[in-house]
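Got a structure for you, questions after.
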Amino acid sequence: MTHGNAPATPRSTLVVTAHAGDFVWRAGGAIALAASRGEKVTIACLTFGERGESARAWREGKKLEEIKALRREEAERTAATLGAEVRFFDAGDYPLTPTPELTDRLVAVYRDTQPDVVLTHPAEDPYNGDHPAANRMALQARVPAQAIGYPGPGEIIGAPPVFCFEPHQPEMSGFRPEVLLDITEVWDTKRRAMECLGAQQHLWDYYTDLAVRRGVQLKRNAGPNLGLPHRTMAEAYMRPYPQVTKELA
Amino acid sequence: MTHGNAPATPRSTLVVTAHAGDFVWRAGGAIALAASRGEKVTIACLTFGERGESARAWREGKKLEEIKALRREEAERTAATLGAEVRFFDAGDYPLTPTPELTDRLVAVYRDTQPDVVLTHPAEDPYNGDHPAANRMALQARVPAQAIGYPGPGEIIGAPPVFCFEPHQPEMSGFRPEVLLDITEVWDTKRRAMECLGAQQHLWDYYTDLAVRRGVQLKRNAGPNLGLPHRTMAEAYMRPYPQVTKELA
Amino acid sequence: MTHGNAPATPRSTLVVTAHAGDFVWRAGGAIALAASRGEKVTIACLTFGERGESARAWREGKKLEEIKALRREEAERTAATLGAEVRFFDAGDYPLTPTPELTDRLVAVYRDTQPDVVLTHPAEDPYNGDHPAANRMALQARVPAQAIGYPGPGEIIGAPPVFCFEPHQPEMSGFRPEVLLDITEVWDTKRRAMECLGAQQHLWDYYTDLAVRRGVQLKRNAGPNLGLPHRTMAEAYMRPYPQVTKELA
Amino acid sequence: MTHGNAPATPRSTLVVTAHAGDFVWRAGGAIALAASRGEKVTIACLTFGERGESARAWREGKKLEEIKALRREEAERTAATLGAEVRFFDAGDYPLTPTPELTDRLVAVYRDTQPDVVLTHPAEDPYNGDHPAANRMALQARVPAQAIGYPGPGEIIGAPPVFCFEPHQPEMSGFRPEVLLDITEVWDTKRRAMECLGAQQHLWDYYTDLAVRRGVQLKRNAGPNLGLPHRTMAEAYMRPYPQVTKELA
Amino acid sequence: MTHGNAPATPRSTLVVTAHAGDFVWRAGGAIALAASRGEKVTIACLTFGERGESARAWREGKKLEEIKALRREEAERTAATLGAEVRFFDAGDYPLTPTPELTDRLVAVYRDTQPDVVLTHPAEDPYNGDHPAANRMALQARVPAQAIGYPGPGEIIGAPPVFCFEPHQPEMSGFRPEVLLDITEVWDTKRRAMECLGAQQHLWDYYTDLAVRRGVQLKRNAGPNLGLPHRTMAEAYMRPYPQVTKELA
Amino acid sequence: MTHGNAPATPRSTLVVTAHAGDFVWRAGGAIALAASRGEKVTIACLTFGERGESARAWREGKKLEEIKALRREEAERTAATLGAEVRFFDAGDYPLTPTPELTDRLVAVYRDTQPDVVLTHPAEDPYNGDHPAANRMALQARVPAQAIGYPGPGEIIGAPPVFCFEPHQPEMSGFRPEVLLDITEVWDTKRRAMECLGAQQHLWDYYTDLAVRRGVQLKRNAGPNLGLPHRTMAEAYMRPYPQVTKELA
């Protein structure tokens, strides 16, 4: 929602994720869309997913630091494909454990990036506790980032809207699509970004099918008079806070 | 959401309410906003509220037909103030009872008005069963209105988004504000429309206070860089179906 | 809650149940307690439970009218034991089907008895659809009974608090004990009333055990300084509407 | 609920809040009511709200210790106006972080004050994580305070009922009014206490409007025969544990 | 669960669906599996889906009776492919309206087929009210079918477990997979049955993708030591009643 | 669910509980059943319940280490009666506090026991925070135990199904019986195991009554043709993850 004149600086999106691979599968379309409009997108990646999402590398006998380096390089390539910058926190996964230091660092990223929009995991995921942990940290750091009394560099932020992307097993995680984002025009970019993650080739088609299915749902929920393409691709999101608008649509 | 070129005909809003007074208290701002943009707004008023919302008239000894006439006249004046047309179904309130005939008539209104947006009551209200009944009828008629196989005049409709307005006791009715609509610029119109309902003068201030409170909430949930006025007025809505969009904001 | 002076007329309780046996198992303690304080208790019994709760009589080859007569006699004896009056609607069970006529008759009972308290089934019961039907009818009739515009004999009523008693399978019915009523001092009366229902002897101990268990729960939730007896007996209720009070306790 | 004779010592209320300002806005009426009956009220204030609720002081360039001192003085004046004593934990806000030491100190306060009633924040508040943190600490400390095996000075306590007061955005926090407390007779005291908080003048009218609205709701939910004043003021609460009673009302 | 010796008669499954096409998309695997074990499967098809699911035929100018005949023939062919018998109720769709006569006819089918398992739609579907209506009718008729007092031919039934199959938009319908059924070995049969429905060719791949996705989920939730095939196909179900078992597994 | 041939090693069950007494009251039947089939059952007992569940010993003036020794001996005797092995973590109760070390030790037990089934507390219990804490630790350790990247001895595990046993106040803890386990044939063993806990004699009958009540519920939910004994005893469980099966029953 924009009241009054457009701001001089480009819009900014902050994505807070648990593991290095999360942002592309779940929010790659939203990231590519924002980047395609000339907006700034910053990904705060709390861990490399070195323990929980790197089974093949461990089976190949790689060491912890090697795996982290591999995943860092892969994530940077993926982010670049989407048009985003990624910052690594290296907080350790399986389990990802919240600490005051992590909160401090996240507050600093909020104040540095001044986000207009925040993307993160949803609050529940019975299959991977790191995802809800990232959600809690993203939402909790957003509050002191708004408080002048909380110490740290940078200007305080406003109250940017938050969107939670789809977990791997949505129905088991209380996920209900509240926003369906049309990503058709950046689909090729998302697919190329997914293909940067060579170790998870089986997910390329899985998430393509999901985008098709969410696209079917989008068309079923779209109002009249929409010239939607035959094969609409979409991503689903939840909103933990109300939408603010000047028009019901 | 508008994909491609804007349609030639103005946008159309359909409001389905249980009683003659409901539309102004709960959705007067949305109606006035749409009308102020040159859009068409049609109110399908299922009953006059002759039994449940006309206590003063009954105490004054008025008869049923007199009361209906009074409420019809009042509702027409209120709708005109907001810039909308009202159609009466005279289905009988307390209780409002769904029938196949009412569904038929509602399907006809859907097809006649070809709504881009639908407003109605939310699904729960433990204090007034007519409100959930109107919700069910509005949602149920919307489905056959889309089906070429359902007989009746007019073209079938698309799948317009639905917004449920705030009930009198929101927390008791499972109401959670999912959309906060900024109605500041049409607030004076809504207030004037409320003042058409002389028998419920105690509600004028009640719903003014509610608009202030929802305005405070809107500001608390609005993103950064918004030049919102000091006294923002708002209305709250729920969305039973997902929002369809090309941008997260 | 009593504000100001006590009213001259004794307090009145209205119990709305689906079948002739329901009131004793589920609310016999509350009924006996109210009666023991000199209050008036009226049971609106919508059906005799002639199809759904009279398996033994059917197996013995009894006819429909015989069964109804048996159950009526039994229910009257049970009610008398508790100190209450019972009124039969004979609306037919399995399934109990709401009609405008039943609503009319229930509104008349509300206005005639002017209840200070209403007891009925809770909103959910996946094992017996007649119970939720009775709940809906009790709650729906309570609204027009308050409206001067709804025709019928008697004075309109206020908005009496409603308590929903415990269903047979509480966890499957979304039942959460929100009120624990100490029925220790009338327990013997409830037990005697249960024993009026000779055909359901297996339930005597079942509901005695339940009262013991709810009594244990009552003691676990009671505040300090309570001189509760060793064997406290209790019944559990839900409140669909908020408690109104002058003191938190 | 009082079984048997009244205890010799006056009743005791314990209020556990996150920040120095919370108790007056949300529970000032309940506190003043209890005090007006000669009961003892103790407020355990976990932080001064020095970071999250003192924006104006920070903008004026005040230092952390100055701000804490200001808020302490203000809270003491407010509590005295209501008739309560306040104890400061100085645990640090934004975020308020639970620790074993805080639990220990809270257990000691429970045992020292022997509360008959406990008031605290509700379990959810997506806008301020300190509030749910205070709720969890209040509920968690209440359990070992009952256990003879938990070390520490003082007698173990019973199981006092808990009431959760209304958050700033009730519908977003899953708040449903389960108890409406009539605070009409102490309203002037609550208003005077609010006026002790000079830096938050915009909230004086906000919480007056809320008390009016809850008063309207109280009247709508009150049973018959109540001589309620024209302008009834109320506060809303939730009950995490069942009500224990000897009479349904 | 089988206690004691296996019964002499083969097991019986009853499927209650709203429209002629529902059973194959949503439960075709379960039906084919049961049939492949020599069990009897009966499909109670409440309507032909003549208005709501036959858009192409209407566009081709076909008449109502022609469309019903087409859909009947198609459904019979599909059921035969799966190994089931289908019985048509012709109750009229869009909307499907419950009546006492329909309940009577359903009770008769329950008693005639004596089901060991019942399959039907889940309780919610905001996109198609006929589906919840079929659910309610299936569950409601199951209760009097157990009552000796309910008149009608045939023996009373036991309390067969109920499984609700997956709706088209699961997350919008409160659907949570509680049972994942491995249908790999009958997948080819289900695919062939789907291909009997020529007018809905776009759904063949859609439901194949869904079976793959539920298969992935099955593997993720399966315990250890399972020799599951590479491409496991599955269907998801909810259980409105508890599972009864002699072993946790 | 067993696909293909039975494994050579006997099935393994892992029970994770907060206090030394929990496993017998809540899961004694499931443990005895598994043991009676020759399966291995291991109980990971996180604390001795030395503070929260040993009130009598404290009142008798016993010391902390004495109480721990008493409870250890009692738990070992109880486990032996049921046919299980118990391992003590001695993590300290009231409150039980999760730490990385505890997670490490639990992961090691998962990998050592290679469970086919996991039993633990449910996610909610407003009366005892140690129970939800044990649930979280059991579920969280189960995830890294599956990850080859998580360091530690032993083989990684599969994804064993989890069953949550019934809490003391089920309706207050969101507990809904999703599985009813017939424990009739091992009831005598469970009763004998309960009788090993001499200090809690009042619970022997309480949990016997509960088993009767769950048995009645089991019979009411069992399908037809079951030769269930007159007095069926049962335990109730929830499933946080979907059931995986080859047959609906």
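As written, the chains take the letters A, B, C, D, E and F, and residue 1 is the first residue of each chain.
Throughout what follows, a residue touches a chain if its C-beta (ideal position, glycine included) is under 8 Å from a C-beta of that chain, and two chains touch if they have at least 3 such contacts.
Listed by chain with UniProt protein names: A, B, C, D, E, F = PIG-L family deacetylase.
Because the structure is predicted, anything quoted here is derived from the model rather than measured.
J.: Looking at the contacts, which chains touch chain A and chain B alike?
T.: Common contact partners of chain A and chain B, which must touch each of the two, are D, E.
J.: Moving only between chains that touch, what is the shortest number of steps from chain A to chain D?
T.: Counted as steps through touching chains, the separation is 1.
J.: Between B-D and C-D, name the chain pair that shares the greater number of C-beta pairs in contact.
T.: Top pair by contacting C-beta pairs is C-D.
J.: List the centre-to-centre spacing of chain A and chain F in whole Å, with centres computed as mean CA coordinates.
T.: Centre separation, chain A to chain F: 38 Å.
J.: List the centre-to-centre spacing of chain E and chain F in whole Å, with centres computed as mean CA coordinates.
T.: That pair's centroid distance is 36 Å.
J.: Would you give the residues of chain D that are in contact with at least 2 other chains, written as numbers and ranges?
T.: Residue numbers touching two or more other chains: 127, 172, 177, 217, 220, 241-242.
J.: Make each chain a node and each touching pair an edge, then name the shape: line, ring, star, complete, other.
T.: Topology of the interface graph: other, matching no listed pattern.
J.: Which chains are in touch, pair by pair?
T.: A-B, A-D, A-E, A-F, B-C, B-D, B-E, C-D, C-E, C-F, D-F, E-F
J.: Under the touch definition given earlier, write down the residues of chain F that touch chain A in their complex.
T.: For chain F paired with chain A, touching residues are 100, 103, 139-140, 143-144, 147-150, 240-242.
J.: List the residues on chain F that touch chain C in their complex, please.
T.: 127, 169-172, 175-177, 206, 209, 212-213, 216-217, 220
J.: Mind pulling up the chain A residues that touch chain F in the complex?
T.: 50-52, 54-55, 58-59, 67, 94-95, 97, 126-129, 172
J.: Once bound in the complex, which stretches of chain C touch chain D?
T.: Touching chain D: residues 1-5, 7, 13, 30, 33-34, 37, 114, 116-117, 119, 157-161, 163, 177-182, 217-218, 220-228, 236-237, 239, 241-249 of chain C.
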